[in-house]
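Take a look at these structures.
One chain, chain A, links the two complexes that follow: it is found with chain B in the first and with chain C in the second.
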Partner chain A sequence: MMDLGLSPLRKEGFSLEPLDSGGTLVLELCGSADMEIVGFLPVYFKSVHAEVQRMRLAEVVLDLHALYFMNSSCLKSFVTWIDLISQLPVRSQYRLRFLTDPHLQWQKRSLDALRRMAMGTVVIETWTGGGQ
Partner chain B sequence: MTRTATSLQLSLPSPPAVVRTTRQYIRALYAELLSDLDVVERLTMATEELFENVVKYGAPGEASLNVELRREGGHSSLEVSTLNRVSVEARAALQACFDELSAARDATAHYDAVISRSRRRTEGSGLGLARIQAEGEMSLTCHFDASSVVIAARMELIEEGST
Partner chain C sequence: MTRPRWRIGLLVDWLEDEYQNKVLSGVDAEAQANDVSLFCFTGGVLRSPFRFGARRNFIYEIAGPECVDGLVIMSGTLGNFIGPNKLARYCERFRPLPMCSVGVALAGIPSVLVDNAKGMRDAIAHLIVVHGYRRVAFIRGPGVNEEAEERYRVYREVLAEHGLPFSPSLVSLGNFQASSGIEAIRLMLDERKVAFDAVVAANDFMALGAIDALMARGLRVPEDVAVVGFDDIREGRFSPAPLTTVRQPLDRQGKQALELVLAQLEGEHIEEHILLHTELVRRQSCGCSSHELPDRPIPDIRAEDGTLSGVFEEHHARILADVTQAIWASSPDVDVSSGAEIVDAFRAELEGEPTGSFLHILDTAIRAAAETGGNVAAWQAVVTTLRRYSLPALVNNLIRRNRAEELWHEARVLIGAAAERAQARKRLQVEHWSRVLRKSGEAMYTTLDVNSVVGAVEDQIPRLGIRSAFLSVFEGGQDKARLMMAYDIDDQSLTRHRGELFDAKLLVPQGIFSADERRTYIAEPLFFENEQLGFVLFEMGPTDGFVYETLRDQIGSALKGALLVKQLVDETSRREVAERDRLQKEMEIAERIQTSILRTTFEVEGLDVSATMIPASEVGGDYYDVLPFDGGCWFGIGDVAGHGLKTGLVMMMIQSVVSALVRTNSWSSPRDHLKVVNSVLYENVRERLLQDEHATLTLLRLDRQGHLVFAGAHEDIIVLRASSGRTELVPTPGTWVAAVRNIDAGTVDSELRLHPGDTVLLYTDGITESMDEAQRQYGVERLCTQFEAVGALPVDEIRDRLLADVRSHAARQDDDLTLLLFRFCG
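== the complex of A and B ==
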């Protein structure tokens, strides 16, 4: 069981829940990540980054299967996070494993752009339900 | 020819909530008209990005958003456009952005370069227009007059079994 120093982020039309899934940190994003959320995400991801280092985790799972929309400003929050990871010593770098819904085709388009930016950091998989 | 047009007029400054409401309305409306969910998602994304720019960067005054679906024979097209007043500074930044977009030979390579450049950017993402072009697979145009700007994103459609 992890001692998660992270709280849920809940706003109208959007939620981000940190979960301990058998020793893996899962962030479950639901709803729409848009203009009304963008002020909160960079701060939240920075705190996740600190927690991951504190707990020496090898990856964070981002479950996006119920995330229906993301604007470019929120996408940029991921870009900044990936940049933070790239600045760590190689042995401390960790992966971001995205779980996606193939019916939401924007997810593949947007996440492919992140993967091209950081091939070793960004992993994209299809959400199959349950704890992964 | 059949034409379905949606137009929204607003007065700037407007609260950010208007962007979400508008995006959701456009998505619901065009999901009824188009059979391809991917097209609806690309339209929704372009609507969000363009309209968000209007609300964030448009100069005070009247502004509008227009979405138009045209069907003629076997050919269809979708266009989303915005009109707003623009400051001298915003106009120069926008012109520079469109100069880059039009010079780019490959929309994806340009998008990747813009993403890379945005890594440590603190104001705005700067990704919206490049995203429309690359992820949305839409062509973009920009026209200025004395004090306003019209930006349009357009896609040609191949529709099968549409209503």
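== the complex of A and C ==
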């Protein structure tokens, strides 16, 4: 079991639950991430970044299959996070594995751009319902 | 017609010392007896150079005909730094109010004075005659204080009368404060190195300071140096060497002063000056061994028959006079008629009446003395008086003498125990007040707004026995004040007056003070450093003035803090509003630049083009451009993440760079141009501006043959095929610009073939993500459906119909709305 120093982030219409899934840190995002959330995500991802380094994890799974929408301002927090990872020494860099629902237009459109932006860091997979 | 109840003001420097407290007590007692209201203004010594001295003077300016009908002025302390002449001129401002000066004669103002000369003469003569001191030093009061100067004059006279030389080196100037007593001893012993065997101070505080200074140097009082003061304040009784002093009838001064003011109001004839007697109180600091005994020789009286009954019958009046004097001297507020009962009970008990009545009557009288704040221990003088008169008649009657000794002994034990209880009660009372004041201080100092300060005051004052209080803050100078607190334990409806602006000279808004009730209020100035904040009125509860003074300091500090916070909040709000206005103006400018930089009319060979961008209320980052060139046309569409001025600026950078690139190299691939755009933006945004903006951006190059090449990630391209009337969604594989330094790997050119009549629709997420009331997005599917429905129309009309449909769906516009259409004509 990981000693997660992270709390859930719950707002109206949105939740982010940090989970220990067999030694893997999973962030499960649900609902809709719009302007109400935009101020919280960069701070949260920054604390995740610190936790990952503390626990020396090689990967964080972002389960987005139930995240029906994320606007461009919220997507920016992923860009900022990826930028933080890129500034780490190569041996300390970790992956972000996104579990997606290809039927969701915003995911199809935006996550591929994210992957192309940081090909060694971002991995996009289709959520199969069986965890990661 | 009944005249209104008189309202009398008392101007006093402060209430922390017994001197002022006792005068107030006398004025208040007389106010109660005459059913007049009293307002005590505690404004410090006029023009005092000491801390918080003159800063409090402004409260005196409020005392005037608007709030009082007459004034008692504690001139003995008020004018210590300006002298009687200037004080008299100062008091002219209060005309035509009838006035009475206490302690100092002021020209044109009736006054109540004490016989300083006799008191001081008795004290110094006692030192010289009874104790044989020859080198008597003197600590003067303020040079402008008439009372102090008279005491000094008497000192020189008495020395001369007893043939003792006057030596200036044995005289030091003081200011009535204990510190000047300490300084006087330092000056004489350490600097002048003069020897003396007694010190007389012009008041008790300086005498107590002198005792401390002497003992600090290892000198014993009175064995090495005797000390005598003037006033008889309570602290003197509990000094290491109980202080011999001259007792002023302080409360009587207060009573008489009020009587004089009332007599003027009633139009009665009055004496211009009333002189009250003083009395030497011998304790131990002068060298006397007993305490508080009348300074009279043992009476040599006997009855003709030699019996006790004979003595009490023949000399009853004399005995009663001395006992009454002893009672009055110790407890001025006690009914002295108890003296007759005490004398009669004592005599009856010695003559065989049932036992117990003497001690019972004495006990009752002592309790009354304790209740009125009298000096219980000084009742020993009553027992001493009885003993002095009785003893000669009991010499030959052993049984009666033993009985008498028993009674005296029991009476002394009774008085001692009562004195101890009175002190303990006083101490407990002071401890209680101190606890409540500590709590009120904690509550007030932790508040940050005026209402909380008021709340804290209202919480604590009932626990101090204060039944009503009114706190007002000056507004726009000192003429007007706003009532911030109206507390009355018996009338909560007074809170309705809170917030009222009123003439400060009224003390409270009209309608607050009931004509039916007589009350005594302490009016304390509220100030912080040199700033005069307002004033607070406390209905008099505790008799110790330090309670009001402490509350005043607490409220003043807390109020200043709260007002500062309010000022800060107001200033911050003002700045925020100014900043918002400034930002709004910047936004308007940015919006004008943004919208004016985007073309709205297009002339492109072989194409019908239409575009629009409807900005949201806050500047967004939508971008589009149409850049024809020989052989074709470039299109660009993108969206900078976020809103605001920075976003708008990044959008303009994109427009400039793309425009420059395609003009200089029209046939380069979109991918190559996009890589340059990313490189320029990354450097400008992330490295120079240290910002974190990024943008979606698709660049498209269309040639005359309908060959469309594009690169960069943005929304899917929608192509309406003329042949089928159906739309196709074409993804834009690639990545965003300005997010990472190098996008080479993720950026690819894609191709599309257009046929004549095909129409391409480019848009931003403001279109597809427009939300209705139920938070449902407009969506790309609806956009395609609508596009198909109106696709045969001219492009300008298609644009308008699509925009209208989006607007009919959206509950509000949160983002820029951009549509760019072009129809390939072939």
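Keep in mind that, in the parts below, the second predicted complex is superposed on the first by the 131 of 132 C-alpha atoms of A that agree within 3 Å, B and C clash if a C-alpha of one lies under 4 Å from a C-alpha of the other, contacts with A are read in each partner's own complex, and residues count from 1 in each chain.
Assume a contact is a pair of C-beta atoms (placed from the backbone, for glycine too) under 8 Å apart; a residue touches a chain by one contact, two chains touch by 3 or more.
Quick caveat: nothing in here was measured; it's all calculated off a predicted structure.
Asker: Looking at A:54, would you say it contacts chain B, chain C, both, or neither? Reply first, second, both or neither.
Answerer: Neither chain B nor chain C is touched by A:54.
Asker: Could you say whether A:69 touches chain B, chain C, both of them, or neither, answering first, second, both or neither?
Answerer: After superposing on A, A:69 lies in contact with both chain B and chain C.
Asker: After the superposition on A, what does A:10 contact: first (chain B), second (chain C), both or neither?
Answerer: It touches nothing on chain B or chain C.
Asker: Name the contact category of A:109: first (chain B only), second (chain C only), both, or neither.
Answerer: The answer is both, since A:109 touches chain B and chain C.
Asker: Is A:79 touching the first partner chain B, the second partner chain C, both, or neither of them?
Answerer: Both partners, chain B and chain C.
Asker: Does chain B (first) or chain C (second) touch A:118, or do both, or does neither?
Answerer: After superposing on A, A:118 lies in contact with chain C but is clear of chain B.
Asker: Could you tell me if A:36 is touching chain B, chain C, both of them or neither one (first, second, both, neither)?
Answerer: The first partner, chain B, only.
Asker: Intersection of chain A residues contacting chain B with those contacting chain C?
Answerer: In chain A, positions 13, 32, 35, 69, 71-73, 75-76, 79-80, 82-83, 105, 109, 113-114, 116-117 sit in both the chain B and chain C interfaces.
Asker: Flag every residue of chain A that touches chain C in the complex, lowest number first.
Answerer: Residue positions touching the partner: 13, 32, 35, 69, 71-73, 75-76, 79-80, 82-83, 86, 105, 108-109, 112-119.
Asker: Chain A touches which residues of chain C in the complex?
Answerer: Contacts found on chain C: 639, 641-643, 692, 694, 696, 713, 715-716, 731, 733-736, 739-740, 743, 745-747, 765, 768-769, 775, 777, 779-780, 814.
Asker: Going by the contact rule set out above, which residues of chain A touch chain B in the complex?
Answerer: On the chain A side, the touching residues are 13, 32, 34-36, 69, 71-73, 75-76, 79-80, 82-83, 103-106, 109-110, 113-114, 116-117.
Asker: Would you pull the chain B residues touching chain A in the complex into a rising list?
Answerer: 16-17, 19-20, 23, 37-38, 41-42, 44-45, 48-49, 52, 55-56, 111-112, 115-116, 118-121, 124-128, 131, 134-135
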